[in-house]
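One chain, subunit A, appears in both complexes that follow, with subunit B as partner in the first and subunit C in the second.
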Partner chain A sequence: MDKKRKALCLGVLILIILIIPLFIKDEYYLHILVMSGIWIISALSLNLILGYAGQLNLAQGTFFGIGAYATGLLMQKMGLSFWAALPLGCLLTATIGFVTGLPTLRTRGHYFPIATMCLGIAIYYVIARWDDVTGGARGLFGLPRPDPIVIPFLGTISFESTASCYYLVSFLVFITIVVIHRLITSLSGKRLIAIRGNEDLAQALGINTMRDKVICFTISTFFAGLAGGVFASYMGSLMAENAHFVTSFEMLLNVMIGGVGTIIGPIIGAIFLPLLSEELHFLGGWRLVVYGLILILTIRFLPFGIVGGIRTALAKRHDKRGV
Partner chain B sequence: MDEYILEVRNLTKYFGGLKAIDNVSFKINRGEIYSIIGPNGAGKTTLFNMITGFIPPTEGEIFFQGQKINGLKPYQIARLGIGRTFQLTTLFMQNTVLENLLIGQKQTREFPVFHSIMSVKRRRVSQSEAVERAHAVAEFIGLGTFKNTMAAILPHGAQKQLSIGLALSGDPDLILLDEPLGGVDMDEIDMIIELIKKIRDEGKTICLIEHKMRVVMNISDRILALSYGKKLVEDLPEVVASNEDVIASYLGDRYAARG
Partner chain C sequence: MGILLQTLINGIMLGSVYAMVALGLTLIYGILNVPNFVHGTLYMIGAYIAYFAIVSFGAPYWVGLIVSLIILFAIGILLERIVFRPFYDKPLINSFIVAVGLILVLENTALSLWGPEFRQFAAPSDKVIKVMGVMITAQRIIVIVTAAVLIWLVHLFIKKTRLGSAIEATSQNPDGALLMGINISHMRGITFGIGTALAAVAAVLVGPILLIYPAMGHTVIGMAFVIIIIGGMGSFIGAVLGGYIIGILETLVTSYITNFFTEAIIFGLLVLLLAVRPTGLFGKPH
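Coming up: the complex of A and B.
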């Protein structure tokens, strides 16, 4: 019964997502939705390593940037189609994740966040200064949208319209959710939860914690690269700022405020916080101060974010009724 | 098959200038309850940490089922068949009893990430096997009614039981228990003693660190007494209890004085 109801809810949700573009005629709102999808993939990728394996990775924005630049450059400099550049970009990002994860994940406690923060800053400067390849501070322009897909007898799908990009991003969000959901609900996911809970105990129980952390980090950076690659092609231009620490920080904010260690939390955070950020644009650099305040208040009053808060409230109501 | 399951040969451990373990050798027989006693700081926990690979010995060798294990990583040693508890009760506090025991299963520690994401059947089969085993362990350790309780809110005695259950969950041949009665109420002590005996009766070997002398003398097949990292004596309980060095260094204030 419960399973049936869940399936029904999911079906309705998918239907709503599919028909949204038929009702939203204003391109701007559709654009916001595409961006939400990209931030959802990013937030879910960060949540995998942070919320499940318990490793505070402060370079996720940088991996987003690596995926974006790799996909963009493969299209522009190598003339590859988006459909080849995107998977290659993701693989490259994941490879860099794997290689950098090997030394950094060996550390315990506060060293991993510090190590990843330094890594993020170092890679940002490489992107910002490597003029010949990345265009340096000027950025990268004129990146193509995904090539049209030809379906025999049915016609072609072009990605020039915002609506078509909306469907593409929705599809990738769907894939991301399925893969991450399967991973965390499996026995392998239990190992990640064990690592988050107590690494010594996990090892005493025969879990190869280093191996699992590295695999988790590699998958996590793969999806950050995916979000970045789609971003590059959709926006058509990239700035070094896209790989900046601030991007990592915004992702962290989405995850923490939505609800770390859940799937729905980062999705909620990734939908609503960018909207807020849009409203706060007039603040310029001061925006970061507001973000910092929001983060501190969340950690203080809603340690498990909006989702955690709702759960606690529901549990309380349930208890009251029970008495 | 060897008669003994674990052999420690000339083990020495320095922490800087401190000699925590000083040239200690002993063998544990298959199927016995072997206890290690000694005053605070004698090096008992350090011995466990070396056997399970958490800290490297300065000198000496450790053999498990005839295989040299010093130099292996903790997870490798666990997979060979040594389970352990920690002196400070260590659990996955934010998870339920059942989730804790599920994490400890063999299927859990080895199931490949690739199959977790891609397969349907293998995933379901391993998962249901592991869950079934976790239920069985929960019943075995006497926490059947607490399966869905979060570890953090269990009473202290039940937490100790769960930590033993975790050490047991991967189905090891040798189980190292570091003060399983530490801080446990009188009425819960008997339950844990019964549990330890029950584990032995399952054919497992137990190495026990414990301060409660009455219990140690009753339950052990043999006892090793340590003091300042040195082996004082290793013998049957009644022999150890009457050893003068042991009485002087340890039992003097804890046991002999009372009796």
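Coming up: the complex of A and C.
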């Protein structure tokens, strides 16, 4: 596809995303789209460390929780505006990511998922039991929506409606995609893929694998924190369960079913699964059982998810034509 | 003194449970090379099966324990055969994710069928024994003794029987074992069954003391991984000793330091340990 057509497609896509709220009048579906946006950011963050650097971080949901609690507490206890609390929350998450990434990333193979799972459990218990600060098991309530932005002479943008939150989340999704896309197409992205392929070999080629892994881990926790911070302000309340490894599992589902190691895959997963979840609402608690089965079957028969499946199908058609 | 002794006995009891769960986990790791994240969930299923045998069908405690042991042994063999076997020659990450899928399936099945409420079944004996000014319930003694006997039996099984030796051979060198005519697939299935049955027995033993609920395996599986990392993944003696050490340590921290951040402290210590020694205390370097 040449550059012009690519730009055109992108333009049309952005236009569709911009006008969607004009057509969807049902607040509830708009709400699902906002949630999809938040899941897209978090799925892309997990995909960065899992899909490109090849490290299964089972604490990613916990970093989502750290970002959520940090943003929420900065607004509620320190009285900061959302626009100050969100970046600070992300920076705090990334700092904790950096500090905890240093020890955990020293481990390899089987040890890394186990180490991060233990890290996640440790942080979860701190959040769930630190009553004075996080509200403990009761959770955190009454978090404000983002403060209105005043633009001189034009008026103010408030974030009370779901549609305005939709635009805010779409903007943040856009930023996330741009940053992560730049990162993985850069030289350091190539180095990450080399580490995923064979870490010893990458090291032998002179790549400082530890440095690259730590940088990747820190950036991925930054975006997990971003998703969490937006979640906190949009939902208005938090539970300790938001920082549990169940949240990591949910991210993992989005990434794996969409297609790990691609940008579009986690996006598809994070849009498709919440919609599927609506369709499966009648199942109640059995919904997650179905999810688990879908996950197992996906890994068994479509290890690279929906995107991988489409690619294989296209390649087959291409081959047939060639013959 | 009385409090310390009481704490130590509780610690040994908790350690017995951890030792059994970690032993199952380490056996499975040794032979399948898979960190079995589902282990804690199967521990939970084991407790529920005993609960229904004892409370719904009125079976005696020991019958409930044996029923749970047999059913979980079979479930272990089935899971290995149906779910894990297709992934042995695939990248490592696939079997992790399959395990995550299984956790979702099993735990939410339990939640949907049996609800989130806490359950408990009665101990076979509610006697309380007084030793040196310390009150010990009979169930605590049952846990400690049964666990010790069972661990000893597993040890004898591996060291003294043909089947056990075949399992040990497979864990040491699968290719060599294959050349000696050992059916590796069978060994994997049987080991998965034994490991799972051990977790089930541990759950049934503490059933009368702790509570039964769908998420009961979360912390236990975390602790079991802490233990086998400290003891060396795949090491028999490491898992058993590590289990007792962590159990006693956890009770001591809870009684003397804080009962709010015990888990955070232990899991945090593990992360620090891995920072210093990325393959655990007794693990071989990469």
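Note that in this section the second predicted complex is superposed on the first by the 309 of 323 C-alpha atoms of A that agree within 3 Å, B and C clash if a C-alpha of one lies under 4 Å from a C-alpha of the other, contacts with A are read in each partner's own complex, and residues count from 1 in each chain.
Everything below uses one rule, namely that a contact is a pair of C-beta atoms (placed from the backbone, for glycine too) under 8 Å apart; a residue touches a chain by one contact, two chains touch by 3 or more.
Everything numeric in this text was worked out from a predicted model, so none of it was measured.
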Touched partner set for A:K6, first subunit B, second subunit C, both or neither: neither
Of subunit B and subunit C, the chain that contacts the larger number of subunit A residues: C
Touching partner for A:V179 - first (subunit B), second (subunit C), both, neither: first
Which superposed partner A:G292 touches (first subunit B, second subunit C, both, neither): second
Which superposed partner A:Q203 touches (first subunit B, second subunit C, both, neither): first
First (subunit B), second (subunit C), both or neither touched by A:K190: first
First (subunit B), second (subunit C), both or neither touched by A:R317: neither
Residue numbers on subunit A that touch subunit C, as the complex places them: 50, 54, 56, 100, 102-104, 106-111, 113-115, 117-119, 121-123, 125-126, 129-130, 249, 252, 256, 284-289, 291-296, 299-300, 303
Parts of subunit B lying in touch with subunit A, wherever the complex brings them together: 52, 54, 73-75, 78-79, 83-84, 86, 90-95, 99, 102-113, 116-117, 123, 126-127, 130, 166-167, 169-170
Subunit B-touching residues of subunit A, taken from the complex the two chains share: 179, 182-183, 186-191, 193-194, 197-198, 200-209, 212, 215, 219
Parts of subunit C lying in touch with subunit A, wherever the complex brings them together: 29, 33, 35, 37, 83, 86-87, 90, 92-94, 96-98, 100-106, 108-109, 111-112, 218-219, 222, 225-226, 229, 233, 260-261, 263-264, 267-268, 270-272, 274-275, 278-280, 286
